[in-house]
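Which chain is which? They are A, B, C and D, in the order written, and residues in each are numbered from 1.
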Amino acid sequence: MKDYSGKIMEIDLSHGSIRIKDIEAQLVRQYIGGIGFNARILYDEIPIGADPFGEENVLVFAAGTLVGTPFPTASRSEASAKSPLTGGFGTSNSGAFFGLQLKTAGYDVLVIKGKSPQPVYISINDEDVKILSADSLWGKECWECVDYLEKKHYGSEIALIGPAGENLVRFASIENGRYDGWGRTGLGAVMGSKNLKAITVKGTKGRKAHDPQALLNAVKKGQQLIKSASSYHAFTEYGTLNASIPYSNFKAISAHNFTKGTLPNWKEIGGRPIVDRYGSRHVACQSCIIACGHWVELSEGKYAGIKMKDLEITPVMSFGATVGLNTEAIIKACELCQRYGVDMVSAGGVLGFAIELYKQGIISEDDVGFELDFGDDEAAFKLFHMIINREGIGDILAEGSKRAAEQFEQGDKYAIQVKGMEIPMIDPRGRWSTWTLGMLTNIRGGDHLRCRNPVENLRFNERDEEYRKERFGFKQTMYEKLDMPEELKRKTIDLENDITYIPEMSKWAEDLINLYNSVGICIRPPVMEKVGPTIIAEACQAFTGIEFTPAELMESAERTWNLIKLFNLREGEKAEASKFPRRFYEEELNGQVLDEGKIQKVLEIYYQLRGWDPKTGRPERATLKRLQLEQPGE
Amino acid sequence: MRIVIVGNGAAGNEAAVNLRKLDSHCEIVMLARESYPAYSACALPDVLAGWIPLKQTFLLKEEDYARLKIERSFGQAVNKLDLSEKCLQTAETVYHYDRLILATGSQPVIPAVPGSDLAGNFVVKTPGDIERILAHKPKQVVVVGAGNIGVETASALRNRGCRVSLVEMKDRIMPLLYDQKPSALIQKILEEGIEVLTGERVSRISGDTHIKVVHTQGQDINADTVIWAAGVRQNTDIAREAGLSIGSLGGIQVDTHMQSSEAGVFACGDCVESFQVFTRKPCLSLLWSSAKRQAQVAARNCLGYLDEYEGSCSLLIEDIMGIPCVAMGLNLEALQGYEVEVIEQQDENEYFRILMVEDRIVGFQAIGKVEGSGAIFTMIKKGTPVSESRKVLLNRRLVPNLAWYIDSSQYLSCSN
Amino acid sequence: MNSKKMGMRMKRIFVNAEACTGCGLCQLLCSVHKTGQWHPALARIKIKEMPELELNVPVLCLHCSNPPCEVYCVMNLIYKDPNTGYTLRREDKCIGCRACEIACPFSAAVMDPIREVVVNCDLCEGDPLCVSGCPEGALLYMEDSEAGERKRKAAVSLGAWRASRPRDGRGSL
Amino acid sequence: MDKLIYIDHQKCVGCATCEMVCSLVHEGICSPSLSRIRVVRYPTQAFNVPITCAFCEFPPCVSVCPSGAISKNAQNGEVAINSILCIGCRQCVQACPFGHANFNFDQGTAFKCDLCGGNPQCVEYCWTEALQYLPLERALGEKREAVARNMLGST
C-alpha cells in the first residue's frame, strides 16, 4: 500500500517533549483522517474515567484528508478531547485556515498530552516546534493575543483560548483565529487545564498530489456539483441564515429558552434582512466556493465600532432567540464569545437557562446582583462576564446548564440540554425531523451539526404519528442525483409517497457528516445535497493515491461513529441519557408535546439499523466484527 | 545506472561529485591516464613559487572517493571507445557504461624544436611536472609562451630566486587576454624581475645531455631549464576514432546540454568545443571554471535533469609581482569585425579598460585594482544593456537590490 | 524533469536599505566576531554608499542555491552545506586567488587582507550578530516565504488598491 | 501583452482556491507557497487582494537578475524565468514591487506566473470572477465603468 505522507506530532506538555510519528497507510484506510484519527487516538490514549481536566486527557487536532487541496470547502479540521461538559467524546469542527497551515507544515494530526506547569503556547513553523512561555498572554482576551502572536509569528494561523478556557468554564471554546472556533463540548477548558494558551502554526511546504490532473478534475466536478445545488445561490448570499425564517414560521425556534417557538418581528431581528442591513462583504474559508461568512462593521448605535465576521445562524438563534436579544446585541454577543472564547450555543443556552430561573423565581436579584430578563442585553452581558470570570452565580453557571441545574430546585426542567450539552436553535416540538432525532443520537450530546438530512425540505413541516417520517418534497431529479447506494436510497426515501424515513436517513446523514469531518469538507447544505462518497472517493484517491471506494469510505465513517460510541459507553453513557429535557415531553409548544415512548421506538429502529442493541444502544458484537472494532479479550 | 567518466581533471571530478550529489545510487566509474587524485591545476604555479605545499593542490582524498562511492581506475589510458557496444577499453579491462562523460582534457604542446628532448625541458600541467621541475633545481629558466600559464610560471620561478626569461612569439604578452596597452603595462611590471622577449621564437636548444643555451632568432640565452607554455592540444583521439563529431577548432562537438553527437555520451572540460557567450561562436575555453560549469551541466543532463550551458566567458585574475590583474570577456583581437567602443582610464597605480559593443560590455581588463569588477563580469555574462543599468541605478526603489550594479558605476561613470 | 538544484529551507538576511543610516555597527560587530579585530574592512558585510540617492545599502552573501563562486573556485573550497543550505568555504585551503570575489555578482565575497583568504558571511551559524546589532532594523533575518508575504503586504498598502474601496462596501458578490 | 489577468479584489472572498490550483497545476503539489498567484489577506478588514505577475513593460526582476535567467519576450511581452540559469540569489524576490516573484525552496530557484500558456487555471477555477483573463481594453472598460458607477452612486 502506498505510504501516506502525513505525520502525527505529539507534544507532551508535562515533559516538554515533542515526537513526530509517521501515519500508517492502514490507519488512513480505516479512519481516513480528521475525526477518524481523533476517535482512534482518543480511544487508545485516554484511560477510562479520566478527569477531563487532568493530565491524562488528550487534546487532538486533525486536519481532514482533503484539507490543503483546492477541493471545494476542504478547509476543516477537527479538535477532540474528553469533554468536560458531557464527560464523553468531546469534539468540534472548524474551518478557516488553521487546518491548511497544519497540513502545509507537514502534519495531519497534532496530539497534545500532559499538562504544563506554567502557561505556555506552542509555535509550529514547519519542523521548527517550540513550547514558549505564555505568561504575558495569560488572562488576555483572544483578539489581543492574536494581534500579538500574528506579529511575533508572521503568517501563522492561531488556535487559542480566552479567559473562559483559562478559568475552566466547561463550555469554553478554542478559537480559530479571531472569528472562528472549535466551539462545542468545552475543548477550550481542556486546553486551559493544560495551561496551554495558544498554538501558532505556519507551514510553507505542501502535499504532493498522487495524480494532480485527476485531483483537478475532481475539484472541477466538485465545484460544478455544489454550484448546481438548489440552495447554492441562497447560501452564497445569506449563508446559514436561510434557515432562520422557515423555522420561525414553524414556530420551532429556541425563543426565550424554548418557551415561545417564535418571536415578534423575528424576520427583522434574525432573518435574512439582517444580512442586507449589516453585512458588507463575504468571507470564505480555505478553498470554499460558498463564502457563507459575512463581514459586519457597526458604525453607529450602542455597539458601534465592532468589526467582525458574523451573522451566522448559530449566534443569531442562540442570542437572538434563546436569550431574546436584538440584532446589534447579537453581534456584540458574538464578539464577546470570540474574544473570551466561549461556545455560542452553550453560552446562549446557559444565559437563557439563568434568565428563566430568574423569571420563575428560582433565583432572585440577590443571587445574581441585578435583574435578568429576556431581551435585556446589558444584564445578559454582565452575567456573561460573571460566567467567564466565575464570579458569584457565574461560578455555578460556568459548569454548564446540566451541572448548574442540580444546584437549583426544578432546575432540570429549564436546562435545555442532552447529555450535558445545550441544545441549539431548533425546538423539536415545533418541527420533528432527521435533524431533531439527531440531537438524541448525536455522539456529543444535544447538538445539531452531526446529523442533518442532505435533502431536507424546509418548506414542509408534517410530523407523522410515529415520528418516523418527514416529507421528501422534491422532484424525482433530486432523488436521482442524490449520491447514495440505490438500495439504501430506496429504503430511505419513498419517492412514490414522498417520504423520507427518519431513522434510516439519520444513519446515512451521520455517517456522511462523519465522512465530511474525516476528509475535512463543510456541511453547508449545498455541499450536503450534492457531494457524496463517490466524488469524495475520487478526490481522496487522486490526492493520496490510496484506493478508496465510496462504500469503503462510508464504512470508515461508520467505524469512526461506532468507535466514538464505544468511547462514550466506556465513559459511562447510559441509554436513558438519549432523551430530551423534561420540558419537551411535558410542556406544550404550539399545542404539542413530544411522545417519549414513540421517540424511543424510533430510536430503537435507529439502533437496529446501526447494528446496536435496541435497548442499550450498545454496538452488537457482529457489528464491531464487521467494522473490525473487536475489543481484545471480549 | 552505470556512468563512466574518462579523465580526472577539473571537469571529470566535478562531474563525479555532481552526479553523486544528485543521485546516491548510480554507479560512478572514473578512468584516467594520470594516477593523481583530483588536483587543482590552477594552484600549481603557487607551488612553484613556494607559496603553498604541493599536497595542498590535491582536492579529494582517497577517503573522499570512498565516501562518494566513486570507483576509480586511474593510471591506465583508455585506448578505445566503442559506441555501439557502449564500452571503453584500456590495456587490461573493458568497461561498459550506460552513460559516458568524456573529460579527457588537453595536453601541453612541445614544438619539435631541436633540443626539446634534452633534460631540463618541462611543462606545467600535473603535480608530477612540478615535482620534476623542483627536483631539477632550476637556476636559469626560459619560459616559452607568455600566456597566462607562462606568465604565472615565470613569476613563480622568479619568486623562487631563478633568473627567468619569458619568450613570446607574438608582439606582446598574454595576447589572447589583454589588448596592446594593458599588455604593455603588465610587461613593464614583469620586467622588474623578468626578462621579457616578445616577437621571438625558440629555434634551437643546445646542450649535451642537459640544456645549456636556448637560441631564439635574435638571442642566445644561457639556461638550465626550459618550461613550455606554448599552447595545448585537446585530447580527442578516442572520441575521434569512435566517430564522435569534432569541431572546427579541434574540440569534441557538444550541444548546450554538453551532449556529443552520440546520445548518452557527454563531454566537458578542455576537450570540448563550446561557444562564447557574446559572439555565440565556437570557442575552446580552457578555464577551470568553464570546465566545472560544463561538468555540472553534463552531470545533470546525464541523470535526466535539465540544465543548459550558458556559454563560455573567460575570467582570469592573476597576481603579477604583487599587483592584481584581471581580464574578462573578449579583447579587441577577438572582437574583430565588431564596432567596439573602448573606455579606458589610467592613473598612477590603476588602469582599466572596458570594451563595449552596442550598449553591451563585452570585455574588461584592469590592472592594480580588482574590487568591484564582479559587477562588470556579471554584466558581461548577462549582456545587460549599459543604458539600462544606468537607468536603474537612479531608481531609488531598485538600488537596494542592485548593490552589485553600484560597483560598476565607478567604471561606467567615466564614460558619461 | 526539472532542473534540480540544491535548494534549502533557510532563513536569510534581507536588507531594508531605506532604514540603513550607514553607521557601520554591523561591520564592527562582524569584524570583531570573526577576526577578533575591530575594523570595518575585516567585516563580511559591506555598506555601499549611494550619495546621489542618499542611500546606504548593506551588501552581504545571499547564499545562492547555485552559487557562481562555487563554480569559479579553483580549489573547490566553496560548498553548500547540505544541512543548513549555507554557502560555506574551507578557508584554510584558500590560496587567495580572488576568482570567487569576481565571480560573485554581488561582490559579497570579501578578501581578508590579514590572512590573505577570501571569506563570506556564514550567518554566524544561524544567529547573525549584524542583524541583532543593527539599531535601525535595516537588516531582517527571515525565511524567503515570509519575505515574500511581507513584500506583498507592503505592495497592497501602497495605496492604489485601498483607494478603490467601494463606498457601500458590499462589493464581493 | 494584449490580455491580462484582471483582478477585481472587491470580488475576492479570500478562499485561495487559485493558490491551490496553481501549485497543483505547476508542481503537482498542493501548497500555497508554491503558487504563483498569492492572496494577501487582511482578516480584520475582510479584505483580500490576489497578487500575480503584472508583466511589467520594464520589469525590475529582469533588471536585477544577475544571471540573465529572467527575460522579457519582446514579441509577446511575456516575462519568464529560465530556472536552468537561475542561481537562486532571490534578488527578484526583493525587487518585484508586488512581491510576485516567488522562491521554491526545494528546487532553489525562483518561479513566476506563466499564464499557463494562455489559459490561466487560477482564472478557470475562480468562482467569484475576482480573476478574469481579459483583453486589456476590456479590463480597462470594466474598471472605468465601475468608477463611473461609483461616481453616479455618490451624486
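Note that in this section a residue touches a chain if its C-beta (ideal position, glycine included) is under 8 Å from a C-beta of that chain, and two chains touch if they have at least 3 such contacts.
Since the model is a prediction, treat every value here as computed from it, not as a measurement.
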{"item": "Middle chain, criterion being Cα centroid separation", "value": "D"}
{"item": "Selected interface, B-D versus A-D, where C-beta contact pairs are more numerous", "value": "A-D"}
{"item": "Centre distance in Å when chain A and chain D are each reduced to the mean of their C-alpha atoms", "value": "37"}
{"item": "Rounded Å distance, chain B centre to chain D centre (Cα mean)", "value": "44"}
{"item": "Euclidean distance of C-alpha centroids - chain C vs chain D, Å", "value": "26"}
{"item": "Interchain centroid distance [CA atoms averaged], chain A/chain C, Å", "value": "48"}
{"item": "Multi-partner residues of chain C (at least 2 other chains)", "value": "2-4, 6, 9, 15, 105-106, 145, 149-150, 171-173"}
{"item": "Numbers and ranges of chain B residues touching at least 2 other chains", "value": "306-307, 378, 400, 404"}
{"item": "Sequence positions of chain D contacting 2 or more other chains", "value": "13, 33, 47, 66-67, 84, 91, 94, 97, 105, 128"}
{"item": "Complete list of chain pairs which touch one another", "value": "A-C, A-D, B-C, B-D, C-D"}
{"item": "Contacting residues of chain D [partner chain A, same complex]", "value": "13-17, 20-21, 23-25, 27-34, 43-47, 105, 121, 125, 127-128"}
{"item": "Complex interface listing, chain B residues touching chain D", "value": "306-308, 310, 378, 381-384, 388-389, 392, 395, 397-398, 400-402, 404"}
{"item": "Residue ranges of chain C in contact with chain A within the complex", "value": "9, 142-143, 145-146, 149-150, 169-173"}
{"item": "Contact footprint of chain B on chain C as seen in their complex", "value": "1-4, 6, 15-18, 48, 50, 52-53, 55, 57-59, 71-72, 74-76, 93, 95, 97-99, 101-107"}
{"item": "Residue ranges of chain A touching chain C (in the complex, touch as defined)", "value": "126, 154-155, 204, 236-237, 279-282, 291, 297"}
